[in-house]
Amino acid sequence: MTLLNCLILAFVLFAIGVFGLLTRRHLVGMLISIELMLNAANINFVAFAHFKAADATAGSLFSIFVIAITACEMAVALAILITMYRRHKSLDVNRLEDLHD
Amino acid sequence: MTSLYSYSFLILLLPLLSFAVNGLFLCRKSRKASAAFSVLCAGLAAAYAISVALAFFTNGATPTVAWQFRFLPIVGDFNANIGLLLDPLSVMMLVVVTSIAFFVNIYSIGYMREDMSSGRFFALLSLFAFSMLGLVIATNILQMFVFWELVGVSSYMLIGFWYHKPSAVSASKQAFILTRFADSFFLLGMVLVSYAVKSFDFAALNAVNLKDFASIPLNLGIMVMPASDALTIGAALIFVGGWGKSAMFPMHIWLPNAMEGPTPVSSIIHSATMVVAGVYLVARLFPFMAGAGNTLCIVMVVGAFTAIFAAVIACTQKDIKRILAYSTLSQLGYMMFSLGASRLCDGSINTLGYTASTFHIFTHAFFKCMLFLVAGSLIHQVHTNDLDAMGGLRKKMPFTYIATLIACLAIAGIPPFSGFFSKDEILMTAFQSGHVAVFATGLLTSGLTAFYMFRLFFLAFHGKARSEHTAHAHEDFAMTLPIVCLAVPSLLSGLLAKNIFATKFVPGALPVATAEHLAHATWIPYAAGGMAVLGILIAALFYARPKANIERALDVDNRCKLYKTINHKFYFDEIYYAVVRQFIFRGVAASARFVEDWIIGSLVNATLFVVRKAGALVREAENGYLPFYVGVMIVGVIFWYFVGKLPL
Amino acid sequence: MILGIPFSDIVFYVVAAFMIVAAVVTVVSKNILQSAIFLIATFIATAIVYILLQAEFMAVAQVMVYAGGVVVFMIFAILLTSHLGEESFKVHLPRKFIAGAIAAAFLAIMGKFLIGQPELATATSNASAEASTFGAYALRLLSPGANGFLIPFELISLLLLMALVASVTIAKKDEDKEEK
Amino acid sequence: MLQQILFNLIWIIPFLTVLVCVPIANSKVALLKKIHLCSAGIVLMITLFLATNMILDYAPYAGGNAFAMSYLTDFPWLAAISAHYLVGADALTILMLVLAAVIIFTGVLASWRIASGHKVFFGLLQILAASVYGVFMSFDLVLFFVFYEMEALCMYLMIAGYGTGDKDLGGKKLTLTLALGSAMVMAVFLGMYVEGGSWSVFELANVKLPENFQMWAFPVLFMGFAVSSSLFPFHFWSPAGHSAAPTAVSMFAAGVMMKMGAYGCLRIAMYLMPEGAHFWLPYILFFVIFNVCFGPFIAMRHKDLKFITAYSSISHLGLIFLGLCAMTPVALRGASLQMLSHGFLTGLFFATIGMIYGRTHTRDITQMGGLMKIMPFLGVGFVIAGFAGLGLPGFSGFVAEASIFIGSFQNEGTLFRIVTILAILSVTATAVYILQTANRMLHGPVTNPHFKELTDATFEEKIVIVIFVICLLAIGLCPAPFADFLDTSIAPIVSNLTR
Amino acid sequence: MILQNAILPDILLVLFPFIVLALRIFASKHEKLQWYAANIVLFTVFIWQNCLMLGNTQIYLSNWKIDTFGIFMREVFVLGSICALWFAKDYFDHASTGKARLKEFPEFIATMGFATLGGVIVVSANDLITLFIGLELATIPMYALTAWNKKDSEGSEAAVKFILMGSAATAFELFGFSYLYGFAGSLNMPQIATEVAKNASSPLLWISVLFLISGVGFKLTLFPFHTWAPDVYDGAPTPVTALLSVTSKAVAIAFVAVLVFGPFAAVQQTVAPFLALLAGLTLLAGNLGALKQSKLRRFMAYSSISQAGYILVAVLGPETNAKFAIVYYLFLYTFANYLAFFIFGIVGQNRKEDFVSLRGLSKQNLTLAIGLVVALMSLAGIPPLAGFFGKFHLFFAAAETKHYALVTFAVLNNVLALYYYIQVLKAAWIDKPEVEPCALQITCRQKAAVIILMIGVIACGFVPMLANNLFAGLKF
């Protein structure tokens, strides 16, 4: 278990998140993929804090903050999705077609 | 005397004053007042000019610059001035121009009597007189060019005086554009020469010795050559200006067409004064041109060819003014080749040519001016230019008849009329130059001249009246007076002025050797006179013998091809038309516009197209599809990883 | 120590493999509810990694906030908006292919980038154990001093309040009847 | 001191006029027109007064590369970038100011009879006026640029709002191309400050900007300025813009604005970057060939009066650039004279064309004929403009062109010789299209019976024409004082060019 | 002097949403009360900030840094909020064509207040956590505000697009932060700065720069992260569009400035080519996209994309000049953009918000038409309007570090910009309306706002020395 392993794990997760973000048609599915990406970043923080950083506490703290901020973001996102659902009766990303050039 | 000289600019200013007053105030108010004012100014100018001339020639005829001011600074001491040069040549021209202007002004009172816009006519006539005077008194070549252009413009406006006549308008345009075309070479030559010599002054130019310039290289763009060669080219280019203005072949076509203008205009501008400006230019720069290689040979060849060419055409024309126009061309050719023939085969200069040419300018001015006035008088009475409609005017217009006879004899070169003396000297020059062909041409032309002039004379005045108007013709006082007055110098100017010309009209110090011993052929006057008499007799045979069938003689349709070709002026109008219309307009100008509209235009449009397409691309990316946006964003990160120039 | 590999390493590899598999299932599962469940699994695996990295407090927070809070919240949303998560959408193969290509390109870039730095592989833990204790966190969070995070700690409350206000306002039904 | 204040008022008065007119109702047309005419007249008087003062009493050039400045006003303006409000007048400036003031004054008169929207139209015209005055007066690059860029938008609104034909496209072409030019100018100005350490033209003149900077900056700056002088290949805005523009705007654009470009080329590009000039101008000469030699021929094939005049302007501006490229004192002086001369000339051209168009409602020369009989005053005005345009001695065009030709022949470069020769020969083509136009339009029988009811010039139109003719004649008949006066501006530039 | 304590206005600003919400809860009967209170607080904050002493940097609790740049940026944010507040008031009263009326104004104000606060946090942050929180606090309310009109399907669509892309961008951002932390081992910005100066060649640093800039590039609508902007601007309620185009952009640019002149100060010129390319492509993309628009808000979206590019140009310059130029430009941009939006809002009240409905404006209401000219030409950078001086300073900053190519490219792009701004003017001034346009309803508030903003733009242009010389001599 080296720093490198953790970092690789993180970016593999990130890439999986990216893949999900691009393939998912369900909006909540896309949000889930984003969660994966954020999680990957958190792993990075903790890994760096553990292996490398002079100020280890700060890194871990950052990821705690990230968790809180993500929670806020998700709350707003889900609220928006609900309004969206009320209007469109669907959460299919392909139905988002009113706004374009 | 100094005060006489120092106020000599008044000669110039009086016509200008007349132009300004007439043009701005009088021309709309009163035609009579404008005529009177114009005549007054012209008269005063003529009187002043004659008194200056008297004073000048009685006081040894030393060239002086009476006055000058700095017109345009060039660099350092190299300035373009406007000044007043008094030397024999310019004083002679002053007298000629002012007096002819005076007579023509008087004549115009009668001629333009019925024209509603005669005020404008007098104004323009005064403008012309001013410009012409400015030209002849020029102290330097730039001043000459300035007035040269002004003369061209006033000629343009006077030819197109009846601007409602399309033919007059197109003739005026043709005249202006052709001379302007020639002038652009003049300007080029002037720029070139003044660059090499660092001066515009005639004095400086005439003092140029090409040997001094042989070692200086001068880049002419296409090639680098010694400045002496460049100066020769410059001299030739300057001559091109005179070539156009004096309507030498092949730029002659504008002059016959210019006869569309009122006849007084033809008389002053297109016979007596403006068209000799080309000759005057060569005469003015004679020492320079004489020194400048073979320039004078070009002058000679051009002049001689034009002389015979125009004379041949004149023999077949029926339009009275056109005959006179071709006659003018022919006479101008005489003057030109006389100047040109001054240069002998060995490169030395025979000063007689200069004398003869200037002398011919002088004499020709009077009789040719008068002939035009006569033509105008006839046209005014007969209401047509066509000789077909004239005939038998001898009885109706006796004074005119006699005066015309004098003029015709003068131009034909019958002693003791004025033309004889000058033409004699010209032929002598040609003979002495050793160019036999030129001499023969001159001699032949002299015979042809006598023929066509008397053809005109007989057809107009003898025989029976061939039209209604002719039968009721009468003489108009205002028009006859100048004719009669001009008959006097036509008769006498040769005799009286011969000595003055022989002694005073010799070019100043020449940069090349003058010819010392030349063959003096005493038979030449007889040969010339004989040719003239022969021409008169042939004319009389065809047109004046009692049984002559005038109608048949005037019929063109049944003539041979050669006659028709000559009658159509060798189709030069058509050639000109083809060159201008087809080549310049349809060719050069159309392709320039094609380049502009299609190539430049499509470049601009292509740029716009690319911008628009790029804009469309940006906007098409906004297709509203969220996964696509996300994809673009992530690809964007990868894109910047590679493109962002970060030191990764 | 098994086969010369430290125990913690073996746990790490196993957990990592599990995590990746769970993540893959999360993103490819047809059923959105299933995805959410596997997301929880991923998060729990992450928590285990945190423990391995001596960040126990992080692990607790991860499980509580993320797995317990956010994902449950998400499941609520799914259940609210779709009928038991049955709704699934077909995705065209080209799109998956392109997505895979982009993800692979990303992987390649990052892999090349990270593997190109040998010093990362040799870095060993130098942080003292106290650094990641709960006490350390609390001290740093509440310290007004040189390296304290009092202000962010206060600010995060503003953020939460904002999220509360905003999402309630957006999500609540209007009092007047919605026009159909 | 009083004169200095007057000098600064030159650009302030137009702005004040706009402010004064803001509360006046749009319906009070007569009052609006009077106010604007008065303001333009006052400015004209001021410039004439100051110009006379300067011409009567100026110190001849005594060496060095500093301009002989009068009315110099200098105080800090934008402290953050150390830009100054630095205005002053030397010979070139004051003469260009007179030109601009004349054009604006006559422009107001020529717009006397526009149909509606007086308030906005005259307001925009005044802003245009202020901008050109400012350009010629300012010697600080920032100030210069502010004024230089100001006119583009006003031009668009005036053309698109008050023009004729395809006015939107014409206006856009003009505005955007000009904006392109000023963008190039702005980029180099910024660079000049960074390399030279000052915005002041005077101080930059003493600094030798680094050669590698000049190598790219000079062509960009020169072409940027040349855009507004319609140098090939940026001339395409000119026919489109002029043909669409209302009379006053055509007069202004061709008369003053095109000179601003040439002025900038001379005063800023060549003066401050002589090394770049020496390297690049021979190449720029290739563009000049197009202007000088193609312009007249293209004009020959056009039937629309404004197109003809636009291409005529293009060819005349080409002569200015020929003078600039030649870089000899005579040629530069010729170019400056040509700026003045062409300003008056083209003002007269566009004024008469506008007046004729206002009556006949067509600009197609094939549909006109015999107008000389119906409107002799306008006809004569047009003919005079034509003759001045083809370089007839007596009018200012000749002295300018002759100086340019003589001057550019003094540059010994092979290319310069060839171009000079071509330029001199192509002068004939100018005569062809001008006479053709005048003949078709003015002479011959009256073709359209409707024309017989038309009237000749009104009083204010006559004033316009007379003013222009006087200006053309004044320079044409005694150019020496102007030329000597201009030398005090040209000589420092030459001294920099030969450093 | 307690009034000079720079933290106090910040505290007032923190209290601002609470005050509004409290009034909403406890005095819900008096609808005007919250509006007045909001005005009073915001103006107080704005005036107070203007009275603060400039030139010295104060640090509170080690994480809260208040410097000159921060104070000016605070003023920009608060100014933006005031404008948005005024704009929103009428929008809430009247709504716009075909859309339902907006509700919950107090909550709207509070959320907007939070967003403003987010900006303030970004410019005050002295460590990465605070910076990140600030950025999120400035962004998340925007997602919510975009979806404020619950009855408008376009609004929620826009919000969905916005939040999904925004969260993904946040993930990148966070990845960047993590590598930066990994590189420096600390979250404290001065410490990071020393680390960067010591070890500028580490790949970790540069990958973090890539991710950070990409992440913030989303908020700043840099190419190719701008794709969301036209759709979101188009779908959001107009006041939110205005807020997005001004405050959100200002926050993002402040973030870039804080990073580039803070932790990355030592490697600024190494990042410069990247930023230059970003700026160049962004302004090109924005300009190209706007060329043929017919909807006003989409048009403003592209316009603001290109404006972001222009502002980014300044970041390449030396610190003092760059920060000054950014602050100066943001002020003018706020004026001009809100002026445009006010006019579009007035026109959009009972017409569709596209170019066609602008036709005949010059005949109908000359003040609005002139206001439009002033606003758009200021945005296009035509002197003597304020925008020109703003842009001049932006380019000046970049030219000072000899980025001539970028500056030239940017100024040439101005030509394209001029083209599409002219298109709008053409609609308002030149084109004739096909049908008689319906009458405009203008409240006194709107009229006052338009006139004040117009005077602001013109005055800043005609007397730039007032605004400009204020900054002279300041150290940022």
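Chains here go by letter, A, B, C, D and E, matching the order in which they are written, and residues are numbered from 1 within each.
Note that in this section a residue touches a chain if its C-beta (ideal position, glycine included) is under 8 Å from a C-beta of that chain, and two chains touch if they have at least 3 such contacts.
Just so we're clear, the structure is a prediction, and the values are computed from it rather than from any experiment.
Q: Would you identify the groups of chains that remain joined by contact if subunit A were left out?
A: one piece
Q: How short can a path of touching chains from subunit C to subunit E be, counted in steps?
A: 1
Q: Give the chains in contact with both subunit B and subunit D, ordered by label.
A: Where subunit B and subunit D share a partner, that partner set is E.
Q: With centres defined as the mean of C-alpha atoms, identify the chain lying farthest from subunit B.
A: The chain lying farthest from subunit B is C.
Q: Could you see whether B-C or B-E has the larger number of C-beta contact pairs?
A: Per the contact counts, B-E leads.
Q: Which chain has its C-alpha centre closest to the mean of all protein C-alpha atoms shown?
A: Per-chain C-alpha centroids compared to the overall one single out D.
Q: When the C-alpha atoms of subunit C and subunit D are each averaged to a single point, how far apart are the two points in Å?
A: Once rounded, the distance between the two centres reads 69 Å.
Q: Using mean CA coordinates as chain centres, what's the gap between subunit D and subunit E in Å?
A: 41
Q: Taking each chain's centre as its mean C-alpha position, how far apart are subunit A and subunit C in Å?
A: 7
Q: Distance between subunit A and subunit D based on Cα centroids, please, to the nearest Å.
A: From the centre of subunit A to the centre of subunit D is 63 Å.
Q: Two or more other chains in contact with one residue: find those residues in subunit B.
A: Residues 619, 622, 624, 626-627, 630-631, 634-635, 637, 641, 648 of subunit B touch two or more partner chains.
Q: Tell me, which residues of subunit E touch at least two other chains?
A: Where subunit E meets two or more other chains at a single residue, that happens at 127, 129, 133, 136, 140, 144, 147, 150-151, 160-161, 164, 168, 188, 203, 207, 230-231.
Q: Which subunit A residues reach two or more other chains?
A: 14, 17-18, 21-23, 31, 42, 47, 49, 52-53, 55, 58, 61, 65, 69, 72-73, 76, 79-81, 83, 86, 94, 96, 98-101
Q: If I apply the definition of touch given earlier, which pairs of chains qualify?
A: A-B, A-C, A-E, B-C, B-D, B-E, C-E, D-E
Q: Can you tell me which positions in subunit E touch subunit C when the two form their complex?
A: Subunit E reaches subunit C through residues 14, 17, 21, 60-64, 103-104, 107, 110-111, 114, 117, 121, 127, 129-130, 133-134, 136-137, 140-141, 144-145, 147-148, 150-151, 188, 203-204, 207.
Q: Under the definition above, what is the set of subunit B residues touching subunit E in their complex?
A: Touch list, subunit B to subunit E: 611-612, 614-619, 621-622, 624, 626, 628-630, 632-637, 639-641, 643-648.
Q: With touch defined as at the start, can you tell me which subunit E residues reach subunit B in the complex?
A: Listed in rising order, the residues of subunit E that touch subunit B are 160-161, 164-165, 168-169, 172, 201, 203, 206-207, 209-211, 213-214, 217-218, 223-225, 227-228, 230-231, 270-271, 273-274, 277-278, 285, 288-293, 416.
Q: Can you name the residues of subunit B that touch subunit A in the complex?
A: 619-620, 622-627, 630-631, 634
Q: Note which residues of subunit E are touching subunit A in the complex, please.
A: Touching subunit A: residues 127-129, 132-133, 136, 140, 143-144, 147, 150-154, 156-161, 163-164, 167-168, 170-171, 174-175, 177-179, 181-182, 185-188, 230-232, 234-235, 298 of subunit E.
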